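Right after this note come the structures.
Common to both upcoming complexes is subunit A, partnered first by subunit B, then by subunit C.
After this line comes the complex of A and B, so read on.
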């Protein structure tokens, strides 16, 4: 019915003409800003053939950096699944003074520049730590930096789902003799699982690409604390653009895969909702 | 809900947030003012710091309006039009969320740098993109591109087109109908997107650091200045500049909370 109205009248014709113009503008903008530069990375990495790409992407230092990046990103995503769910649950089902402030502060890692996050964490957990914890320039430091910047993803993805869940079902389960853990596992978890997975995937993608906080906190020691993005950075600084492009393509492929997976998950969710 | 089990969870959640968020931020504030306010003020008003601050604002002032206009148009296209490739367009918009800023920086160098696709063409015309303002703006536009689209699209879907069509029948042109009828209805969504875009633009580090060349007092934004001071062991300078950015982040949080309430989330 909206379509028939659309087709009617002068305004309708103008809209159809304008629609193509708008679509063209959007496509052009995205192509120039996003697609063209990313194509250049893929092109540069494949310019000298598959062999050269493979050699550059599997240099020992690059391989070590990629391994560390994926291992830490997986660990951080898993940690977020647990802590993010706990935090979301406490924010939805628990009452305590200052809850609103805590709720607002969850977004701080999104608002705070990553370089400031790095400086901030190093001030407390670095070599001059006032609390006696020194994990600056270690792998634990990398984990801490990534845990900080990825904190909001799972919380913000699970929280709305928990909000729409009435506590009745859990209470009913409890009345039937289920313990709190059982009722969580059998009632809450299946409902929040898709949101949980989506949040964890976003956290993983973010952790794989993170640069600003890690560059400060990790000390960037090759083979030990150097993550992939920092490795790409040092390759660019040393004018080894070809190798940088090869490692970048691995990161880029990861991002695309995660986004494609999320897209699939989302479509399945909306289909179920219908 | 069980009272048993609730308290330990609360302690776990708040303890984690304190250890990872609150105490570190508190520590930086405490450290920055360790020697009183005077050195902090001096560090914040140092010429290079001020230049970095204004450069960050200038870049945001270019990137944010661009992405706002694009974001609104793109949301309209995604919500109201059906065409082939719409899904692909929808997916490409999210790429900047998921891509490492370092890869973005490298990508811009490969297009606009000396040896890049457009490098010699630009050089012949005396246009410098990399190691100067245009490159930094391009990097910032890239990283902050999806926010307005993603905030406006759901609101636009909810608002629908009925009122706009009513305006057409009263003789308003499509543009006028959109500006006067729909835009006011989606304004809080736009505002929320603008806040997020601004925060991302001011905070960008990785992509900008690669394309800027990091020339102190020239192509150094506030985030780059923080790193510069840190590398030079000038911790007071680094903490003071960090504090400026942290205050901006707090303002962003405040604006977000306000707007969420207005949107009735």
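After this line comes the complex of A and C, so read on.
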């Protein structure tokens, strides 16, 4: 018995030792990949003092770029909430020929280099558009580019939840007098809400940081179609690293706030799931 | 309210779940749909609820043709095997769901929910979430929810199937009481003949998508229409073409002219009753069921020679089904 206690003790220690090692690895990795660079940006932005930071961050052109970026990112995230849910719903609940092709198509924006996406969109919807739609170098172009690259997020987070959702909750709602719309609003929506919010958060984050597709399609006209990431890039190109860091920090802080807000909502929604 | 199903057929691909089924369920009755899995009993229940459309046939509820009505307009309460609790709502919100959808006034909803929670013995748990309830409690909540809108018909699909044996027994008795109190026409699906016999006053026995027999528990046991029903509603042992209930085999120590000689191959003591597996001299096997007292009086033992005679046998024209 003493031996078995000893063995168990040793096994326990091993597990604890293994857990500590894993935790250490994760911490180190995250530090190197995420925390240190972010800290460096914040540190770089503050090097010239608070006044310089504030001046750089509130440059009219910077403000315009930030405003456009967050407005479009929010709009795109919201659009994805609706369209992503509709697409996921159709892919899960509907049966039609070619469904697997459509399903595979959803991941294309992930697989395509965003520069290629930008070129493709410009060729299709630019000044020499074969379909007669010219939204190149306009804000509509920015929205389109971001909608394209963020398409998979909501679809792919909602789809598995819909797939595993047992039909009996909805059937129960139907038997209690709820029509299909009420059943969707009161039963399906609350069930997929956490996944929906998670997908929206990812789409938002991606839209805020997107560079490749926008840089091609938007034309980067200051005050009109220049997004924050492109603005930061042009500041760096002009050797104004301090200002670039300042704008980046504002971008970063706002993103963190929005993501934290979405996370909070999501957690409130998942509280009672078992 | 009465339910009338006429010539309902439902196929799923190659599988025929319902094969030209006609059933009448009288108003106020407590009816069990009894059968093995795949017999079509759940499909029949779902056809009545409108959750499944029959390929052919019709459903009448309370004299009105409901065949093409969606479930939300049939006025049926439905209880699912796995509760189908709305996980994101409290017990109170779950029970209130149907009333809210019907836009009843708030005060009325509150009063009705309180009354129902009292009825299903969950009054203290109104603000809990389903995840915080036991299986039995969840199913009682689901029952309260289905009764909230005062349905004309209550349908239960293997309502106790996911619960452990003790809770199942409790809820059976409780469903019986509930029916005596509420008097709503109730149909429940089960594959457990004991459950059907204990709870229902009418049983519809189904097999292979067809109705084999309809009758009261005693009726089915005493006068089964065919070999399948006889075997499904109780134990059965065979002697050639004869079907015998094990308790209808008389066991004696001495021959009396009409008995056959048999050897006790095995004795199983099941508390009050004793089961004796017998082998006749021609090699045929029989199972006899005796009370413990009778077995003791006969001093039954393994390997012993006894004399047996079926006191009551049954023969069916058709070959035994299933």
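Everything below uses one rule, namely that the second predicted complex is superposed on the first by the 211 of 274 C-alpha atoms of A that agree within 3 Å, B and C clash if a C-alpha of one lies under 4 Å from a C-alpha of the other, contacts with A are read in each partner's own complex, and residues count from 1 in each chain.
Throughout what follows, a residue touches a chain if its C-beta (ideal position, glycine included) is under 8 Å from a C-beta of that chain, and two chains touch if they have at least 3 such contacts.
Keep in mind it's a predicted model, so treat the numbers as computed, not measured.
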* Asked: Which partner does A:174 reach: the first (subunit B), the second (subunit C), both, or neither?
  -> both
* Greater residue coverage of subunit A in the superposed arrangement, subunit B or subunit C -> B
* May I ask you to decide whether A:187 touches subunit B, subunit C, both, or neither, giving the answer as first, second, both or neither? => second
* Does subunit B (first) or subunit C (second) touch A:166, or do both, or does neither? -> second
* Asked: Between subunit B (first) and subunit C (second), which, if any, makes contact with A:226: first, second, both or neither?
  -> neither
* Asked: Which parts of subunit A are in contact with subunit B and also with subunit C?
  -> 171, 174
* Structure fact -> Touching subunit B in the complex, subunit A uses residues 2, 5-6, 9, 11-12, 14-15, 18-19, 22-23, 25-27, 29-30, 33-38, 40-41, 43-44, 83, 86-87, 89-91, 93-94, 96, 102, 104-116, 119-121, 123-125, 130, 144, 147-148, 151, 167, 170-171, 174, 180, 202, 205-206, 208-212, 215-216, 228-230, 232-233, 236, 241, 244-245, 248, 251-252, 255-256, 258-260, 263
* **Parts of subunit C lying in touch with subunit A, wherever the complex brings them together** => 49-51, 70-74, 76-78, 80, 82, 84-88, 97-98, 101-102, 129-131, 142, 145-146, 148-149
* Touching subunit A in the complex: which residues of subunit B? -> 1-2, 4-6, 9-10, 12-14, 16-17, 20-25, 27-28, 31, 70, 73-74, 76-77, 80-81, 83, 89, 91-111, 115-117, 138, 141-142, 145, 161-162, 165, 168-169, 172-175, 177, 196, 199, 202-206, 209-210, 223, 226-227, 230, 238-239, 242, 245-246, 249-250, 252-254, 256-257
* Asked: Which positions of subunit A touch subunit C when the two form their complex?
  -> 166, 168-169, 171-179, 182, 186-187, 190-191, 269, 272-274
